[in-house]
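Okay, so chain A shows up in both of these, paired with chain B first and chain C after.
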Partner chain A sequence: MNLNIAILIILMVAALWTTMTRSLLRAAIGLAFMSLALTLIMFRLNSGLAAVFELSVCAGLIPVLFVSTISLTHPLTKQEVMQHMKDRIRRFWYLPLIIVIAGIALSFITVTLNIKLPPKEAEESVRAVLWNGRPLYLVGQIIVLLAGAFGVVILFKESEEK
Partner chain B sequence: MLALFITVPFFSILLFNLPFLSFIRRAVVAWAYVLFCSQILLVLRLFSPNFLADFASRTHFFNFNIALDNLSLIVMLSSAIVLFITLIVASYMIESEKKRFNFVNLLLLIQAGINGLVLSRDMFALYIFLEIVAITSYILIVFDKDIKALSAAFKYVILSTVASVLMVASIGLLLLLCGDTKFSSIHALIGGQQPNLIVMSAVALFICAAFIKAGVVPFHGWLPDVYSHSPAAVSVLLAGIISKALGIYTLMRVVNDVFGMNPKVNSALLFIGTVSIAIGALAALVQKDFKKMLSFSSISQIGYIILGLGSGTALGFAGAAFHIFNHAMFKSLLFVNSAAIEKMSRTTHMENLGGLSKTMPVTGFTSVVGFLSAAGIPPLAGFWSKLLIVLALILTGHTVYAVLAIALSALTLAYLLSMQRMVFFGKLNERFTGIREAGFGFCFSAGLLAAVIIIVGILYPLVLSKFILPLAGVIR
Partner chain C sequence: MEVVQIFWPFLLFVIMLFIIGIYCIAITFNLIRALLGAEILIKAITLLVIVAGFISGRTALAQAVVISLIVVEAVSITVAVGIVLGIHGHNNSLDTRKIADTDK
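Moving on to the complex of A and B:
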């Protein structure tokens, strides 16, 4: 089996695990695995720098943020979790069905797109890419993280203190 | 120097949150006032083309791909005024010093986010700053941890995430096609070829995403709950500028700078805009809650902005941008007044209120100014922007849409008049005989916004020549 297909299957299983698991903690771990699979795909697409960021931020920092946030919340009881699961299945039983039908329908459509992936760019240092090429992205991402940190402090830390 | 609009609020947040500088935290509110007022004054000065060229050409430590034009300036001016008013209202509504400190930090994040959004000339940078504003908005909505606000914020998060996914997918398709995310690169490539499936998909995905962020019909499900259940100061901010910046500004910028005006896109915008005006106005007409009625009114007013953009002309574009500013002023004013009423009467249910102009004369009078401007009554500011939009529609042969826009304006007048009668006129409810104005801050905010609406309306020829007509130069 093609390695790319194998990685995509891992990605899909991790995504399903993340969305379907009953535990928030397990969902955070599932998300880390998903990012790991995405990192492999990026490496195979010659996007080394993006892969490194995906690995460090999405597979590393973000799950750590999630786990620390989850640790500040009160877990549900087992009965409550089961009730939530039953409610979710009752309300959304048709969603997997729609996905399967859409998948089958799409497999009959053949679309020819003249897309050529851009050639591999010349190796540049991380500093050159981030500081000279994309400083606005960098500042923007730092502000996003700052906003996330404020969210955790305001929504969870203050409640914990109370 | 343009980078200062992003870096100053950003570094202010970092500075105020340094652990060993906790003694300066008390100055955060004063500093935020200074920043917002400075932005208002600087932006007003930047409307002078020579000063703008000189200011933009000065080098800065950060080498960002950013630029400034009159559309950006109008949104930056509106956002700075609304942030200033929000801070005044919040100072009265939030008693705890620690909560106030956190709130001001979030306002500074919003300032950095909106400034970054309007200065970006790159699709991905635009998306990042859009997310900064969206994430900070979620936190602001649930700031008081009210259960209804949490439920509304959850709805907002879900729909906003769908919009983000659509936007990223659109950017991905454009990157695949052009190999770059700069506005100029994408525009050059798209403009030089026949629209193909990828381009059409990218345009459709992006427009849907912008509609969700703006709360345009049929993507408006989140908006009434979020506006009406948010803390009072946050409602002012959300209704005044957030949804306009996230949805409408983004749509105007990308349609104009990246996709280019296109007859098919224009037709879709005209239709959606008219439906939005009609459904928003009809829904507002049957509301009994003050804030909910204002929320539906926002959906209706956003429709006028979309209609102006859909006319596909420089005049319509200028009218749409002018209506963004006017809507920010009159909707913030009406939400400030609703906050004052909520603070003093502990209710926003209009049937429980009545005769409040006797005990709250400033709130009553400024509400009249706000609703008349919203309904497009001359000579207030709202009339002129609606006039520009209607003229643009007539000049481009869209007479039916122009007639509908005027007719639906009568509905706006009807629901706002009904609100004014139920809340401010008639017999004073005995429960509220003892209540007074909510405080100097509320009266000052409402008075300031009402003054802006009246002055902009009266000085319309000056405003038109100095601020609005130069917008024609923005059109590609």
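Moving on to the complex of A and C:
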């Protein structure tokens, strides 16, 4: 349990880093670290397959997407950077304060959740759940992937025409 | 161990991740940073689903949901990034204050 808390704290620090760092590139790297910490939590909570997906897609593919987007947009001039820095400090310095206060306040709350857990069943494998129990999830995933592919094609087709 | 004792620390961190994500989206004027905020919110949801699956003893179902969530997340971020690039090509800026008024 203590190791879980340590990993959760790393996750929180990575999230704060992602939000507060000035450089977008560093923010994308912070996002990858967040996914890495979440992967460790998933492995520790017996969710190995989802952890592998998280590691490959969220810690691998999505930061690469962000980095390529950042490299395709023009960097700010030195004057703009200085202006943005002052602006950012003014807007973002509240966040760590809010998080610390929220964390302390929430940790003092004694919760009485009346959760009724379902009866224990024989654990199925993820494959069995996805293919036999919830085939519509797969259909939905295929539709979403196709919609995304068509969306990207349409977006770049328009920009070529321009 | 009682359910609350396992669930509460995770829920606390999920709430804090939510605060960070919403703050990031609400405060920033940069479109890429807004997407990063949305990513943080999705991570909070993923963590919540995994913990709920672990506590209820249905990790297989939770994993199936999380895998679907990751697919939706990847696709939506890809399309959003394409839209952001389109906006940048049109306005030469990622600042929401400098984006041309769409009502015109």
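Throughout what follows, the second predicted complex is superposed on the first by the 104 of 162 C-alpha atoms of A that agree within 3 Å, B and C clash if a C-alpha of one lies under 4 Å from a C-alpha of the other, contacts with A are read in each partner's own complex, and residues count from 1 in each chain.
The definition used in the following text is that a contact is a pair of C-beta atoms (placed from the backbone, for glycine too) under 8 Å apart; a residue touches a chain by one contact, two chains touch by 3 or more.
The model shown is predicted, which means the values in this text are computed figures rather than measured ones.
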Going by the contact rule set out at the top, does A:Val57 touch chain B (first), chain C (second), both, or neither?
second
Go through the superposed model and pick first if A:Ile41 touches only chain B, second if only chain C, both, or neither.
second
May I ask you to decide whether A:Thr18 touches chain B, chain C, both, or neither, giving the answer as first, second, both or neither?
second
Report for A:Ala32: first if it touches chain B alone, second if chain C alone, otherwise both or neither.
neither
A:Ser107 contacts which: chain B (first), chain C (second), both, neither?
second
Between chain B (first) and chain C (second), which, if any, makes contact with A:Pro135: first, second, both or neither?
first
Pick one for A:Gly151: touches chain B only (first), chain C only (second), both, or neither.
both
When the two structures are laid over each other on chain A, which of chain B and chain C touches more residues of chain A?
C
Could you give the residue numbers on chain A that contact chain B in one complex and chain C in the other?
111, 113, 115, 117-118, 137, 140-141, 144, 147-148, 151, 155, 158-159
Please name which positions on chain A make contact with chain B in the complex.
111, 113, 115, 117-118, 132, 135-137, 139-144, 146-148, 150-151, 153-155, 158-159
Under the definition above, what is the set of chain C residues touching chain A in their complex?
3-4, 6-10, 12-13, 15-17, 19-21, 23-24, 27-28, 30, 32-33, 35-37, 39-40, 43, 46-47, 50-51, 53-68, 70-79, 81-86, 88-89, 92, 94
Seen from chain A, its contact residues with chain C in the complex are 1, 4-5, 8, 11-12, 15-16, 18-19, 24, 27-28, 31, 34-35, 38, 41-42, 45-47, 49-50, 53-54, 57-58, 61-62, 65-66, 69-70, 72-74, 91-92, 94-95, 98-99, 102-103, 106-107, 111-113, 115, 117-118, 120-121, 123-126, 128-130, 133-134, 137, 140-141, 144-145, 147-148, 151-152, 155-156, 158-159, 162
Of chain B, residues touching chain A in the complex
6-7, 10, 13-14, 62-66, 99, 102, 105-106, 109, 112-113, 116, 120, 122, 124-125, 128-129, 131-132, 135-136, 138-139, 142-143, 145, 176-177, 179, 197-198
